[in-house]
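Here come two complexes built around chain A, the first alongside chain B, the second alongside chain C.
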Partner chain A sequence: MSKFFEFKPDRSKYPAMGADGKLDIDLSSQKYTKLWLGPNHPGVTGNMAVELTLAGDEIVEAKTHVGYLHRGFEKLIERRLYVQGFPTSIRMCVAEPDTNEYLIARSTEVLSGYDKDVPEMAQWLRMLSLEMARLQGLLRGVPGQAGTFSLGIGVQWGVYLRDLILDRFEELTGARVYHMYIIPGGVRGLLPDGFKKRMEDNLRDIDDFIVRIRQLMFNNAIFNKRAKGIGVIPKEWVEQYGIVGTNARASGVKRDIRKDYPYLHYDQLDFDPPTATDGDIYARSWVRWQELIQTVDLIRQIMAKMPEKGDIRAQMPNVLHWKIPKGETYTRLESGRGEYGMYYVTDGSDKPRRVNLRGPSYTHAIALLEKMLVNTNIADVHATMVSLQTCPPEIER
Partner chain B sequence: MNIKDVFTPFTVWSKVVKDPVTIKDPLSREAAPRYRGFHKNDIDVCIGCGTCEAICENQAIDLVPVEGIETKDGDSGLRPRIDYGRCCWCALCVDICTTNSLNLTNEYTWVDTDPDAFIFTPGVDKKSWDDKEDGWKKPVPNYHFYGQSRIPMGELHAEERVDSFIEFVKGFSKQQAEEEADRCVACGICTATCPAHMGIPDYIAAIRNEDMEEGMRILYETNPLPEICGRICTHKCEDVCSVGVNGDPLSIRWLKRYIADQIPADVDKYNDILYTKDIKNNNRKVAIVGSGPSDLSAAYYLALLGYKITIYEKLPQAGGMMRYGIPEYRLPYDQIDKDIDYILSLGVDIKYNVTVGKDITLDQLHEENDAVFAGTGLHLGRSTRIPGSDNEKVYQSVELLRNIVTGAEVPVERKIVVIGGGNVAMDITRSMARLQKAKYGEVNIITTSLESEDIMPADREEVVEAREEGCTIIPGYGPQEVVIEDGVVKGLRVWKCLSIFDENHNFSPKFDQSDERVFEGDMVIESIGQGMDLSYLSEDIKKGLEFGPRGRVQTNDKFQTSLPWLFMGGDIIQGPDVIHGIANGHIAAMAIDDFLNQGR
Partner chain C sequence: MKEILDRIQSKYNLQDTSFRTDTMAFTTVSKELAIDMVTYMRDYEGFKHFVMMSCVDWIEDNKLQLLYLLNNPTKKCDIGIKVFIERENPSMQSAHHLWKQLWTYQRELKEAFGIDFPGSPRVDENFVLEGWTEKPHMLRDFDTNKYAEETYFPREGRSTNDPATYMRAKLYPNQPVTAKKNKDHE
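Now for the complex of A and B:
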């Protein structure tokens, strides 16, 4: 049995590197097979395709293909008033829509000089909704990794608990998935009566889930065998490829926008981003599981520290004629997938001149994934892809 | 490998004995109270301002006519129709709704086989969720998409302003004007209501864009007297302003004044801005009788078309009631001159101190010109005809106001009683208060009106300001007799007025004789309306005209009388204010042009 797991690929089968730096793959030799994984495939994290060149069941070359999801959201936002941007922006990444709302709101506030006017209550509510978004993302993402190894039960638990968090979102923001809650100047509603109690009930359920999922994943022989040593990101790659978020933290690089460049009131919260050193799928899963524990704790801290009442939106100019002076800014936050930023340019008119979203998935799913997949087994492709927490809608917007 | 790791995952089987967590019937699940579901609209509260349409980022909302809802002042008669193929349920339309009539319910399931059913007009097309209370409403408090409160206008303090006839409204600064202009939602309800249909949202936009010259061009499209209207317009626009439904209406009048005030009083500059330097003469002539707002408006728009205009004015200066009726503290003479000088610079000829009907006849004007416009206004005072009203110490407000302007002697007594509740009554009250203050150092004036406080025709701000200046205003009393002892006026006897009109809406005041009061006064001023002087119409001309109720000449909707060459407008035809006169003059000018171009 152990010999089977210690199987090492026979390098002699691999194609030679040509003089131009490209692999010399001759498909007509019948040594290699092309396999398209995606764009519509249950194991792919969205509408993205990976073109694999296989030698047997081993991958000798991988190419990421995007373009199936391009909806031109940035351009749509550039043709709308500043206040009309946020309902469009949320669709740029469904996994954590609130992050997009925050980036638009914060960018417009900074450029128009209203960033200091956002009321205290609104700052805490923004933080609450961002952490709730992270929580619902992790509830899907952490057991989702187990799902790639056919451990489906964890996904079912996670999706159920995620629905409970969406219930809280529904109460707070008026919608379950596309919340449209963070608006330039503040937020769109106070906490409903009894919200904190219902939230605490849900968090207690999640506490139980956290124990269960540890038993299911990390105390599981199958998961340990499949996840350890696969999809390794060496520490030096983190700088080379610009890897961020949990992927970087699992490789031993402590990198978290909430700590490094604090925004909102994260500096008033007590937390330390979890890290690991192995850089493999197991390490990334472990860091995310730790982060799930931490997010539950952060939501409890936020609910304890936030004021009881207050204004939710700053006094701003009439949204129909709101013009922002010429300027540019880069706003960023720590999403569940890592640093998530927006480059926002205004030219003094009532619409943005340029909106550019910089998400981590571009690096993770294109440059990094293509390199990581080489030399792995075809059975590990999904696991590797999911472990990077990529979000194809955010790659092409 | 740890042998424990082989068995631990089997602990998940403990979940088998737990109850299922799924909802058996998801369709009956009630959404959260704040959920954003389908729209509902209270169509009786909605005014069809279209702000929802303007903010909708998906163009899912169209304002459409609705059967049973008529277009009227303050209501476009349109209602929002939602296309759920486009709607993204962001509820920006609810957040900006000026009337708070549009809401989202928390109803979110609806199945229909007809795709067109998903385009409907909430409130008009009845839906099962129309009575639902829960759903997304505008967040409270302090959550507004546009400013709710007016930028306060700087004014001289009451004690200061009663000392002189200096204009007491200071006007907006640049910052104030821009902040006030920012509150506009550009719905255009004001434009529809304004008698002259001024492009109000457009010139307010010009203020936001800091383009006063463009603003001036927009003003002059429909109103050639912006300085005057910017001060004393009756601002019907502000009464219907959609921002005013849940907040203060925009100060549209002061914004208009702000634009006009930014352009210096220099006719060359005006001609440059308004592109009126080289107007080609069309060799036709129109005579205009009078130089009031309707006359000046007709003169301006005819002059733009190349007509040679001659104005015949009875008084020594132009402006009509604007100059001789409205006190200087509300409308300074230099501002009247600023507007009129520009109109005269277009080649408009004006002959002062010429009374048509005496110095020159209307027939002569007809012979010398292609058409004639007459807007001679209401310059005759009306008397209450109560006992004692023929005393020499009983005056008419019109003549006193005129005398104040011309510099003729104005009698000022220690105690004055004014009869009347309109704006002219307030004008004479406040003018006499200033004269009293100058002569005796104190204000002692009582103004009484038949109408009670809530239905007084005067602008509310006029009443408030008059009181601030020390005038006593006692509404709801009907004058019965001027009390005269030994030929000297001692005061005015009044009875409490119970109602003014009978069931048929005819003027028939009812009094409570038990509530009798005597207002002491050494002189009494009657200000209960004005009459028209049509003595310039010769008998021959009168035969050709049709007369309606109260001796008014009948015209068509283009202000053309039954004598095709004679057009009439302003207070003698429609009234009752400057902006109506301007609108009349504009329409008449276009009609004169049409009339003279017939057959060409």
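Now for the complex of A and C:
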């Protein structure tokens, strides 16, 4: 091994920690440099910034800053009729908007006593919509990790295939990104004629992509060198930091809302959430790649098992005069990034009293990311951030 | 779930316990016992996953309601521990030592509802609103319309149409316009 790789950083240059737990960073000593990564930077996941303090090219302190995208959605929903909350809520997560539709629809159904009335067909269509959302998210997320190591061609493949899934969304719902398909009592429409065949054609293309992206990422020397042993989440951190989803599963904690708290008809599907044990960027990428295979399989299972015909919407009150009795509930689902939940409070009026979203990024992008970045090299910041699948809109709602 | 709550009912003097499902309950505890109960549920009853912390403004009762939502991953059940605190100069004991992400929630609640959590790390730093000097924006009596009218203004040189009036004029040009004008577009 060359002398270059035997180099050990001089730890004495790192700042001491004061009695109050804060680092003693004296910028005027010229030992440290401040660097703002984002909010406008191609390597940052969305509109957030990370304030880095560097000693050389190693990070001694990181602070996440959000607020560049705050539109006050929770406040807006509190001032609108229940049904008017839908077009607002879906924008709380751009990556998988359908998850918000389900949470808000399910919460209103539970609190108004209509949760048992949602027809069978509608439940299967909701599940199809949610898995399609997961698939289009993974088609962006899996190759996105390759992109952080300059393997950009994977991103281009993924964007093309994601567009094909958005085509299917467009014919199912009339919209490409924000669908408003899941509504209180059911869904807005049935599958168009020939939908299943066109979806199957797309899934076959994705099957080819799955093989190619495996070669690009996991058979690649650069990816193996850069992703292994970097951005490690120890198993014990999962409880301490409230880590969920693929980030938890890659650290050996098998946790999936679809299995642990079955909703819709997930208990009728045959699947086992993939896990890994190393907890590094490689492990998280591997788990997501396997989840991509699984999601394609789940969509095939849903299309095979769902009924051909049926009601798609329960008889609901006039949404313009709909009042829901006083109550509260927490609804959760498994999004592509982990547990995604909503605390929903009603007060007997025609508007919700409080809607509070619990997105996985709230933990992953702030407390966890700030901890993980300390002592890493500046070149690994993007890869670490992308590997956590952080999504700023769900933090600042 | 019910068995756990029955066991600790007298210890924490739980009020208004309600079950949303067999595995999800909400209960109210006094401000003094709240963090003690959250710690007990984590350490002795297996509620190791901290789901979220939230706040509801019950302005008519002059109270703010804090919620600590905990999950037991082994027994697969949830408990929402609610605490009512005064709306004037609200303050609550910090629980940042229990879970490492909890200070983030407390920092947001300080900004959004004005609740102080003495000792919580970075609790006074801005969260999403940089340089905010107004009333905490998530309180019910923060008037968003008034704030928007005072802070922003219509862009000059931009004309808009009421969609209903515009389409009626396009589709039925010979019919008199009877629709009321939309005040937003005046």
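Just a few scattered comments:
We take it that the second predicted complex is superposed on the first by the 388 of 397 C-alpha atoms of A that agree within 3 Å, B and C clash if a C-alpha of one lies under 4 Å from a C-alpha of the other, contacts with A are read in each partner's own complex, and residues count from 1 in each chain.
Everything that follows uses one rule, which is that a contact is a pair of C-beta atoms (placed from the backbone, for glycine too) under 8 Å apart; a residue touches a chain by one contact, two chains touch by 3 or more.
The structure presented is a predicted model; accordingly, all values stated were derived computationally and were not measured.
In this superposed model built on chain A, chain B and chain C take up the same space, so to speak, and clash. By the touch criterion defined above, A:348 lies against neither chain B nor chain C after alignment on the C-alpha atoms of chain A. Once the two complexes are overlaid on the shared chain, A:192 sits against chain B while remaining clear of chain C.
When the two complexes are overlaid on their common chain A, residue A:234 makes contact with neither chain B nor chain C. Contacts of A:362 after superposition: chain C is touched, whereas chain B is not reached. Applying the stated contact rule after C-alpha superposition, one finds that A:242 touches chain C and leaves chain B untouched.
Of the two partner chains, chain B is the only one that A:174 touches; chain C does not reach it. When the two complexes are laid over each other on chain A, chain A has no residue in contact with both chain B and chain C. Touching chain B in their complex are the following residues of chain A: 80-81, 83-84, 86-88, 151, 153, 157, 160, 167, 170-175, 178, 180, 186, 188-190, 192, 212, 215-216, 219-222, 224-225, 311-313, 315, 317-321. Every residue of chain C that touches chain A in the complex is listed here, in rising order: 20, 23-24, 26, 48-52, 54-57, 67, 69, 73, 76, 78, 80, 99-101, 103-105, 121, 126-130, 137-138, 144. In the complex of the two chains, the chain A residues touching chain C come out as 21, 66-67, 70, 72, 74-76, 79, 110, 239-242, 255, 260-261, 327-330, 339, 341, 343, 345, 353-354, 356, 358, 362-363, 366-368, 371, 396. Against chain A, in their complex, chain B makes its touches with residues 1-2, 4-6, 8-9, 11-12, 15, 21, 31-36, 51, 54-55, 57, 88-92, 95-96, 104, 136, 139, 141-147, 182-186, 205, 208.
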